[in-house]
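So, here's a batch of structures to check.
Across the two complexes that follow, subunit A remains constant while its partner is subunit B and subsequently subunit C.
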Partner chain A sequence: MANLLALIQNETLKVWKKKRFAVVVLILLILIPIFVYANLKIAQNSADKFHADWRSELQSRITDNTNALSSDRIPEEWKQWRKALVQQLQYYLDHDINPESPNAVTFTRRFMDNAVSLFVPLMVLAIASDLVSSERSSGTIKMLLTRPVRRWRILFAKLAALTLYVSLIMFTTVLLCYLISGLVFGYKGWGEPVFVGFQVQGADVDTSGVHAVTQGVYLLMQAGLIWFSAMVVAIIALMVSVLVRSTAASFVTMMATIIAGTILSNMASSWQSAKYLFNVNLELSSYLRGTPPPIEGMTLGFSLAILGIWAVAALIVSFTVFTKQDILN
Partner chain B sequence: MKSSWLWRLLSWSTFVCLLVMITGFGWALKDTWFPNKGLELPQASTKPEVATGGDWSAKKELYVAALGDSLTKGTGDSTGEGYVTRVIDQLSKQLDKPVYLVNNMAINGQRADQLVNRLDEVGYKNAIGKADIILMTIGGNDLFQIAQNGGSLAEGGDLSPELLSKRLPEAEPRLKAVFDKLRELNPTARIIYVGLYNAFYDLPEMISISQHVAEWNDYAFSLAKADGNATVVPTYDLFEFSLKKYLSSDHFHPNAQGYTRISDRIVQALQ
Partner chain C sequence: MEARTKEIILSVQGLKKTIGRKPIIHQVSFDVYAGEIFGFLGPNGSGKTTTIRMLVDLIKPSAGKIVICGDNVGTHPEKALSHIGCIVENPEMYGYMTGWENLEHFARMQAGITIDRITEVVEIVGLDQRIHDKVKTYSLGMRQRLGIAQALLGRPKLLILDEPTNGLDPKGIKELREFIRKLAESGMSLFISSHLLSEIQLMCDRVAIIAHGEVIAVGEVEELVSQAGTYTIWQVGDTTEVKRMLSGQQDVQLIPDNEHRIDESILSGLHHPIITIMDEDKISEWVSRFVSAGIAIHSVQRVAPSLEELFLKLTEGEKIG
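So, the complex of A and B:
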């Protein structure tokens, strides 16, 4: 056990000294202010149009989406999506709750929703994708494997370090988002109500299970779900890193897979079996929000199961290959 | 040793992060599958504003709500403004005070009976309650569907003036319901009903439709008279001799010029 802990310490410090986490923080520090500024512009624009009357802004969104439904050029699945959205917005309006109260917590919530499909995986890959392959390209893998330690322990230590870093990245992202956007939007909003529990079936939204939670709780649940999908990405990236020699190749493979997932989620609604791919299931936070899933029939339980199966399979492959493979070069 | 100090800091902070994330994840699962009752909804801190009525000249600013069908939406206008934005701009200039649009809640293809149902929605109540002026076009789709025996233009049904004249009285109660409901929601606003026109005047067999459109406009006029603070702005004469010039390429909705002419009339009526 002490031996394993020492290995984890070793791996964690190695990643730290490669300054990967510093890069992630730097990216966040540059990108978040850009999004905050863009969001501020949008907020000012709509304040001009609606005189800070969120009710008429909400009604306007409902009307716009209703109008789009009558267009013949819009594909059927987009119409379903809009119909569901209209019912959801109407629910907020009926209960006199502003879904977009202007504060730092709302911004963070929105940012995380948008970050789940590309931005979070990218940050995870910055750490995960060269965990094993870099040892191989720099030759240090021989040093590592010639020590009197079982191979699976080495990989397990890497996995543990990866888990810790994924958690740290998620936490840092939320924290920085809140701190930076709070400068502009104010550090309030933890207690604002948000509705969860919308059940989307095709174009219909079942509101019988809808209940309100505070935005703080919502943010915590959302971060937890995104953390899970980030962990799955990390585990699969670890597998690719075991299988592929070069760091660049492993990074590109993973990135291409993730991007393919976002493209597929946008167009694959008629290709039913695409829902068994892990990369269209990453947007776990959308179930919390209650937006219709990319392919009909997907639920939180379904996505968790698919992601879980992929992760377990990736772990089996990684550990089998890593413990058996010959190291040549 | 520097690295052992770093390790202690890193291990503890990342471990705490991990616990937070697992808590959040577990909470999300619990909330999805075994939801609690949910928290009590707070009363909104600010209530929707309500129009005060009274003399316009005493007011600092005026609020306009627009509702109805595609004509109010501005369909066919290449500038995207429709008559509503034009009315607001002109009125603001002429009255020399800000005139704001509360909301344009028009929906393409909407019929009067659908509008009556929508007037029960909170968003409509808020916006109409706040308005000093209500702009509205409605009924065109009702008449159109009656003349086609329920079909739509896209389905290729032929228009039948006879059917329209026979069944026109069916649609009239719907318009009355709209007027009644609006007045119920806002006792003080001035209601402008923009009259219908015959978009098929250039087809010889469809000229007779104009007569039924006039009947409809007459009926709207009687409702407006009964109301006292409402008026009908006629538009049928604007298009009859120059349909091509003022209608858009769909041969049904006005184009930018057509909307400008409608808005000129509305502004005149409002002064």
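So, the complex of A and C:
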């Protein structure tokens, strides 16, 4: 009969007191400056090479990729990707947009794009992996479940706390990226146009739906998609945490699954049914960029649906097991 | 039998549990009345902990019914659990939080527990000094107290303690015993499991004895104890002669050294004890016989049977453990 809000407060407090979020922030504070420095070096390098003429750099990338297309040694799926890339670059050139102009917003956008497949899941797992298994391995679950509160309410409170922390991680990552990179690149760039709506269909990039949005809006869309894939990872990790007693086992299982996903994405183009696995669908933000998907036939809608189905299934398993399971040790 | 008229706080009827295909609990039934200290006695592996876990809804029974203050644990766990406080095995709390934060955490899980109540239970268990320290710095005794404080938060009618003296030093055990008495005097019922028979004898009013997943006896501790025989131990000048005189007598049973069930600690101080079973009124008769035979008598003592002996009597012929 306890208030659900009080239960959520309990779960939130426990994660906080365990200093899990503090660790995530610490990792961000160490890693972001490293990437900012790397990005700065890249920008300096290309500036040196092309004497600050980004148009000629863009033109040379188009030429390189077009040349590569005529080579026989390049496999077919690479050619598809290159064709799409050339069309995209041409679009930037025609519309006089420097896609490489470094500023805090661009850096954040890039960082998030690269973080979605491994880094964001890792941070989410730091919190999600031991939500239930830590209570079991420490024995506190016996205290928790013998209080007059229905078991589903306890798991629901944990899920709510998890949602809260996933959102907080996303927000903190974007904020820290922006603040730290801004020190070097300047805090401008919100209004810069970015093109979205590229439709990759086989070898062609369908540019009929392409339109410009400001980089701020783009970042928001991107963060939303990454949040969604992070939530799916979190929910599946919660399920593993319910099923596995040891926190280490739960973390390793999830991390292996995520890594397997990124490896599969790189080599599964001919294994069609792999697209129904959740772990090859996590890179939602690549659809915004117009990058061809790892497996033909995958679209944003398809990936969202697959992830949604996996999440719902994981929730059903979690709640069923958690409410029925005998606590034997 | 006055207990029978008392209000039943916990009623367990025909409890069974099968894990996989293996029946763990065959048949467990007993009642706990208001204001009594009820012992739950059995060796390790007899199904004590499994039974307790079923009482507090950690394990779902395969068959049977558990009713706490009129609420069925199986159908209304939320209501039934609000009547009890419990520590199952070790008092595990969150080590990364302070004692106070732990209590706040569990207070939030039940309606109507105020800050004043938390302060009150902290005082009851005497943890005021260290309550704002992290639990990972607590000794086992302090964790035990914090666990009890947690269990008392909701003013339970029944307190379930699983092997509460495990790991405590003798002083801690004595304090715990007194504490349990005090709680019972305040009208609370206590359910205490133990594999230590002396423990139950010292603390409990009534006891259920469990072996191999089955309750083999329920009753008042005193009553059950009287079922087992009392030993008479002799210490005399001429042991051989006394043994010769006693052997083959109708009214005296001479017990060989390795067949008695007296606690080693009682015998350790005695020199060449002769252990017998005989009626009380026969003792003086035998004393005069020995004296007239010129045998010096150093001591004669009656040793009350331990619950252990009773336990072995009840499970005679069965393998234990």
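As a working rule, the second predicted complex is superposed on the first by the 327 of 329 C-alpha atoms of A that agree within 3 Å, B and C clash if a C-alpha of one lies under 4 Å from a C-alpha of the other, contacts with A are read in each partner's own complex, and residues count from 1 in each chain.
In this section, a residue touches a chain if its C-beta (ideal position, glycine included) is under 8 Å from a C-beta of that chain, and two chains touch if they have at least 3 such contacts.
Not measured: the values here are computed from a predicted model.
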Next item on the list: Give the label of whichever partner, subunit B or subunit C, reaches more residues of subunit A.
Entry: B
Margin query: After the superposition on A, what does A:His95 contact: first (subunit B), second (subunit C), both or neither?
Written below: first
Item checked: Which of subunit B and subunit C A:Leu288 touches, first, second, both or neither -> first
Check: Touching A:Ser167 in the superposition: subunit B (first), subunit C (second), both, neither?
Finding: first
Margin query: Let me test your reading of the model: by the given contact rule, A:Asn266 touches which partner, first (subunit B), second (subunit C), both or neither?
Written below: neither
Check: What is the contact status of A:Met143 with respect to subunit B (first) and subunit C (second): first, second, both, or neither?
Finding: second
Next item on the list: Kindly classify A:Lys324 by the partners it touches after superposition: subunit B alone (first), subunit C alone (second), both, or neither?
Entry: second
Notebook entry, point to check: A:Leu13 contacts which: subunit B (first), subunit C (second), both, neither?
Noted result: both
Check: Looking at subunit A, which of its residues have contacts with both subunit B and subunit C?
Finding: 9, 13
Next item on the list: Please give the residue numbers of subunit C that touch subunit A in the complex, ascending.
Entry: 19, 53, 56-60, 77-82, 84, 86, 88-90, 92-97, 101, 105-106, 108-111, 147, 150, 154
Notebook entry, point to check: Touching subunit B in the complex: which residues of subunit A?
Noted result: 9, 12-13, 16, 51, 53, 55-56, 58-60, 62-63, 66-67, 70, 72, 90, 93-98, 163-165, 167-168, 170-171, 193, 196-197, 209-214, 217, 220-225, 227-228, 287-288, 300-301, 304
Next item on the list: Would you mind writing out the residues of subunit B in touch with subunit A in their complex?
Entry: 3, 6-7, 10-11, 13-15, 17-18, 20-29, 31-33, 35-39, 41-44, 48-49, 73, 100, 102-109, 121-124, 126-127, 130, 154
Next item on the list: Show which residues of subunit A lie in contact with subunit C when the two form their complex.
Entry: 1-3, 6-7, 9-10, 13-14, 17-19, 138-140, 142-150, 324, 326-328
